[in-house]
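A short write-up of the structure that comes next.
For reference, chains read A, B, C and D in written order, and residue numbers begin at 1 within each chain.
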Amino acid sequence: MDRTTRSSALFGILTRQKALPFIIIMLVGMLFTKTGFYTPYNLLDMLNSSSILLILSFGVTLTIIAGGCDLSIGGILVVSGVLSIKLQSVMPMWPAIFCAIVFGVVVGFVNGFLVVHQRTEAFIITLGMGLLLTGVAQQLTDAHPLPSSNPDFMMIGNGYLLGVPNLVIITIVCFIIFAWLMRYTQFGRNLYAIGGDYEVARYSGINVIRTKWLAFVISGGTAALAGFLLSSKLNTGSAIYGDLTALVVNCGVVVGGTSFAGGIGGIPQSALGLLAFGMLDNVMNMLNITSYYQILLKGTVIVAIIWLDCFAQKRKRELV
Amino acid sequence: MSPAEKTGALKSAAGFLRSYLLIVLIAVLVVLTAIVEPKFLSGQNMINIMRQFGPLIMVALGMTFVIIGGFIDLSVAGIINLVAVVTISLIQVLGQVPALIVGMALGAACGALNSVVILSSGALTQAEALFMTFGMSTVYSAFALLYSHGSTMHFWDIDKSKSVFEAIGAGKVGPVSVSFLIFLFFLALLWIFQANTTEGRSIRLTGGNKTAAELAGIRIRRSIVVIYTICGFMAGVGAIVLFSRITTAAPVIGANFETNAILSVVVGGTTLKGGKGSVLRTVTGVLLIILMSNCLNLLGVSSYLQVVAKGAILVFAIWLDNRKQA
Amino acid sequence: AKVKAAFVVSNQANESQAFSAKEFLRLGAKYGFEVSTFDAKGDTQVESQIVTNCIAQKFKVIFLNPNDIHAIVPAIMKAKQAGLVVGMFSSDLVGADQKYRDFASSSDDVLGGQLAAQQMIKQFPNGAKIVEIGGQAGHNAQLSRHDGFNGDKGIKGSKIQVLDFKACQQWATDQAQAIMEDFIVKYGKDIQGVFVHWDNGATGVIQAAKAAGLKNIFIIGVDGNKAGYVQVKSGDQAVSIAQDFTAMVDKSLSLAKDVLAGKKVQGYNVIPQVIYDKTTVSKYSTPEW
Amino acid sequence: MSVMSESDLIISIRDVSKSFPGVKALDKVSIDVRRGTVHGIVGENGAGKSTLMKILSGVYQKDSGTIVFDGQTIEHTTALESMHRGLAIIYQELNLVSTMSVGENVFLGRFKEMKGMRGTHAKARELLDSIGCKVSTGKLVSEISVSTKQMVEIAKALSFKSKLIIMDEPSSSLTAEEMAQLVKIIHQLRSQGISIIYISHKLDEIFEFCDTVTVMRDGHVIDTMPTSEVTRNDMITKMVGRTIENEYPPRPAKVGGTLMEVRGINTRKLKDISFKLREGEILGLVGLVGAGRTEIVRAIFGADKAKGHEVLLGGKKALIRNPRDAKRAGLGLIPEDRKLQGLVLTFSVESNISMASMDRFSRFGFIRRSLERGIGERQVKALSVKTPSVKVPVVNLSGGNQQKCIVGRWLEIAPKIFIMDEPTKGIDVGAKYEIYLLMKRIAEDGGAIILISSELPEVLNMSNRVLTIFEGRLTGEFDPATTPVDTIMASALGMPGVSA
């Protein structure tokens, strides 16, 4: 690629990426406040707090880029969290975790079957699936929180490696893997092609069904991974941890600049979108904004960013 | 029977099952429950079902239009929160009839605001509307919390007469509950609107193919304003029916209504792709959802298993319906 | 200078917690605290984020009313490590976890359930058929009240028979009402009493009973908020197990002051619950929440 | 042909048939292509050329017949399989993912083979350079011109080490320079022993570099012969199968005063478009795909945002901000994409016909069904739309009948000015003729028509006057009855030296 296209690509990211300017505004704004925002502890804590949602978003991004979406992640999150603890009563920790993740993969497989193979509407079918799984989690736990008694398990989500929280490290590793997957592998590029134009991808000899299906499987597996990590972080599994998660994550992905229509976006964008949410929460708490105004501000930010994004696209369409 | 005839018969049986799936499901549920728990058929229970129909059906009727028009509205939960706390507090200030009117107008205004936000940004896809209304829902909920300071308002806090609301909540005309009559009224109104007016047709055409509709001179922007306004208005009506029924209003009263409304519309057979569907179908969708909890409660199924069963039936119904259309 | 203290509530859209937050702000100054309140908005994940955020903000004291007493433990451990004074509010950690908090100031939800059971037994010494309607499935208060009510010091061993129990998906009045309506269909006049986990839920139960023309159902709720107070006063509700959040806040603040001053304090501090019933209710003033 | 041995043939098609609902697209078609030759296929629109090619490449499945490719009998194939077998195709409809870069599109689905992004772009660069296309490989396809897209498509087909390359009208939107490049490429390929099936409506090209030519008509092969042994006239007769006079009705005779005047349309693509339309006239717009014809009419109709231009109707300025204004001002538009812009496919014939004239069958905003039924049935009858009833979904109708529904929609409100963008696209000959008669009738009733068509003969034979457009500019105005075709085409290709 020549240099001009590279710099224009950078410019494109800056103009398309509405979460980034927003993050910059917050970062600059916080310079002028007397809070503990700019302490290593807080910055790491912010990343740590966003980690679960970030990991979830990576999987979801795959399905959205392929032209679908996954609203069942909330359900997968809680069931896998519960399983990873519950199964420890009958097997050692790592096999239990493995089974929990396999569960997510299986749900992803079913989602993929329904959405890709049976051509149902991803939005509604995964919404129903999420509801179903929440019920499963309640059934599994009798709606009680299920604390883990294994300190090793808790350390996965709460430990540090060289002063960096494990979760942050895992998130960064996931980020690198997913970003690499989407940018540098056949599979990732095929997903872009499928989301960009399903028929063209098909005519070009891409195995569209298998590829898109796999996106759902990965999303399910990622959600299960996040679920086990969340359970470890909270040292507890429960059916109520995932209620709003699916919408928040999908929304964060879109705020980051991944198009719900498919084919456009990427892992870095999603990361920025969810980081923007995480940072907003952190900043609002730092500034001691009271609860109801926090809710108001968050809603406004979501509307504003998506509004600006749509408006920019409209302007581009209508450019005369 | 020859193998060909056999498969033919099987096919047509499957075809029948698909086209009338919802009715079949409802029938099975009803028969099963009636056998296990004969009290299901009691007059008391019929009245219960009528009442429980109340709030959700109002919201779902409004949502039907948004979905027929090819869009979606996640903000109804927020609208319900806001309308409920504002209306109940206004009874004290303005008296009940003005409060009722302001409440419904507020719902419609929130809906109209949604459409303005959507149209002004140029967002013309369902996905964009999805997340924008998600944000708007949060905004409305925040206003509800700010307005009420997070506290619950009760009927007994109100010195003025609230007979109208009491009637909406618990009144009966003969054996029929008032809220059911209100539902019938809006159903008739909206059904006529949907089936017999030019605007109803424009909405369907907009949902069927925005570009074609616009090129044929149909005012799609107006249709978009209309669908969101109806949806907001009906969410407002739903809020009023809801708080009248329980005689209190909390700023979180509308939680989960958006999901349930969308699910009932889609399960009823109105497709998310837009252009197709009807308020009558939504009635069957809501009926299924209401009956499901009613029957499962009567059958003594634990609340957790109920969620599983509900989710499974919904996924199944959506999948079958989708196959029918494919 | 005043000591920075944080009060973290599980959901400020819930009125008892909104009230507690108000009380913390009001009474904090009296004990030399500058209190900030934080809202987890009902989300367990957010809750633990807020705790670590409070560490970053260098709060000295943190009062916590968590969604989930298990899930908050890892965050509390971090707060403890960072040297914060941790006080549980309206809840307490269980078992070994208790070493991570300095004190708890709470009315006991298990005890609340037991008190409700005792009231029920007192009303029906010869036994009765009742139903129980739980709060939000999985919520700590719902679980404790359920356990207390049905446990050893509850109706266990008495002649009270629970016909049916069902928890709601949220603390939502309409859900309690719908469940009660279905119970009425199923059990009709057999229902002599109802234990419903919160007074606002009782509002719905009362509506359902009224609409079905059932009178003289013995309804017990928990909270003693405005709804419970009014309902008991009007006779619609028989009993409300009332929590005193003002006392709870006051106790929390004074305990925190003692801990900071190096005094040894008692770990678990029960704020007694009082019983509103037809005869006692007029002794109390209308609750503020 | 009998002297050819089997191994001489790269592909042998025997008795292949294919039906679509209501259309027999191919009827026992047999064609042989020899190795290392360029095999032309010609035939009027809808003859079945593209369908046959899509069967070869595995997009469609044949109903019957046999295909032997490179000695292998092919039964049930997929796009991927046939590519790996060595059969590449440049589809008639552009076949690129617009959200991805040029480089990636060239190697779509073969990222791994190309060893990643860098390899993809490097190899794509090489390939594009070899065909003289200078576009940056990092550009998004949505940002490049139609002719560049065509070149990218060619690059994509070349990228497979193919034994047979099918080109379905590759030249329809190429500039002269690009065309010359393409000819060079074709010669190169042939010298490497690669066979090419070349489909085109431009007979000059067929004679320039095709070794053999097959003529198709209505799903049949009429004849296959060496190009050196046929004359141009021969070929045309075989293609059309009847005398030309029958194909188009005579042009409307009486042209009156100015009905509409357009002044100064400027958009990102269009430069200062101004023209007049007269009463009783059919005005043809001629240009390559992407020249901007559609954009002109969409701007007039208020479907696109364009600023600063004026539309004068009967001498008075008309304010047209959106299609609704246009409709009220007496304009009607048949859009170029029937399925995306014209029809609501799941809706009934009746509601598709009635959708522009709702105020005619409603009172106080209420629909009166009997009136609506009347409108639907009147137009179905008037246009002889073939449909079991007005209640069937329009998606069940054949393309031509679907098109008639859109025509009927506008006829119902009788616009003075009728804009038709590709009105006969995908329509069979009989239906075409009916539409031509309709156009004539509208013009003779005092209306006027702006006609856009990619079929040059259609515009030339139907129009009283044609305007040529090249890259968003008006380049000429001609009377097609008196001007040689070459002159008009040269103007439409933006060749210097030809101007009005």
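Here is the rule we use: contacts are C-beta pairs under 8 Å (C-beta built on N, C-alpha and C of every residue); 3 or more make two chains touch, one makes a residue touch a chain.
Note that this is a predicted model, so its numbers are computed, not measured.
Colleague: For this structure, I'd like the pair of chains sharing the most C-beta contacts.
Modeller: A-B
Colleague: What's the distance between the Cα centroids of subunit A and subunit B, rounded to whole Å?
Modeller: 30
Colleague: When the C-alpha atoms of subunit C and subunit D are each averaged to a single point, how far apart are the two points in Å?
Modeller: 72
Colleague: Suppose each chain is reduced to the average of its Cα coordinates; what separation in Å results between subunit B and subunit C?
Modeller: 33
Colleague: What whole-number Å value describes the gap between the mean CA coordinates of subunit A and subunit C?
Modeller: 34
Colleague: Provide the list of subunit B residues touching at least two other chains, using ranges where the numbers run on.
Modeller: 145, 150, 302-304, 307
Colleague: Identify all positions of subunit D at which a residue touches two or more other chains, and write them in rising order.
Modeller: Residues of subunit D never touch two or more of the other chains.
Colleague: Name the residues of subunit C that each touch 2 or more other chains.
Modeller: In subunit C, the residues touching two or more other chains are 12, 137, 167.
Colleague: State which pairs of chains touch, listing all of them.
Modeller: Chains touch in the following pairs: A-B, A-C, A-D, B-C, B-D.
Colleague: Spell out the part of subunit C that touches subunit A in their complex, as residue ranges.
Modeller: 12, 36-39, 41-46, 48-50, 52-53, 55-58, 67-74, 77-78, 136-140, 143, 167
Colleague: Note which residues of subunit A are touching subunit D in the complex, please.
Modeller: On the subunit A side, the touching residues are 1-2, 4-6, 9, 183-186, 189-190, 192-193, 195-197, 200-207, 263-264, 318-320.
Colleague: Quick one: in the complex, what on subunit D touches subunit A?
Modeller: 57, 59, 78-80, 83-84, 91, 95-100, 103-104, 108-112, 116-117, 121, 136-139, 266-268, 304-307
Colleague: In their shared complex, at which residues does subunit A touch subunit B?
Modeller: Residues in contact with subunit B: 69, 114, 118-121, 123-125, 127-136, 138-139, 142-143, 239, 247, 250-251, 254-255, 260-261, 291-293, 295-296, 298-303, 306-308, 310-311, 313-315, 317.
Colleague: If we count contacts the way the header does, which residues on subunit C are in touch with subunit B in the complex?
Modeller: Within the complex, subunit C touches subunit B at residues 12-15, 18-19, 137, 164, 166-170, 172-174, 177-179, 181-186, 188, 200, 203-204, 207, 210-212, 226-227, 230, 234, 289.
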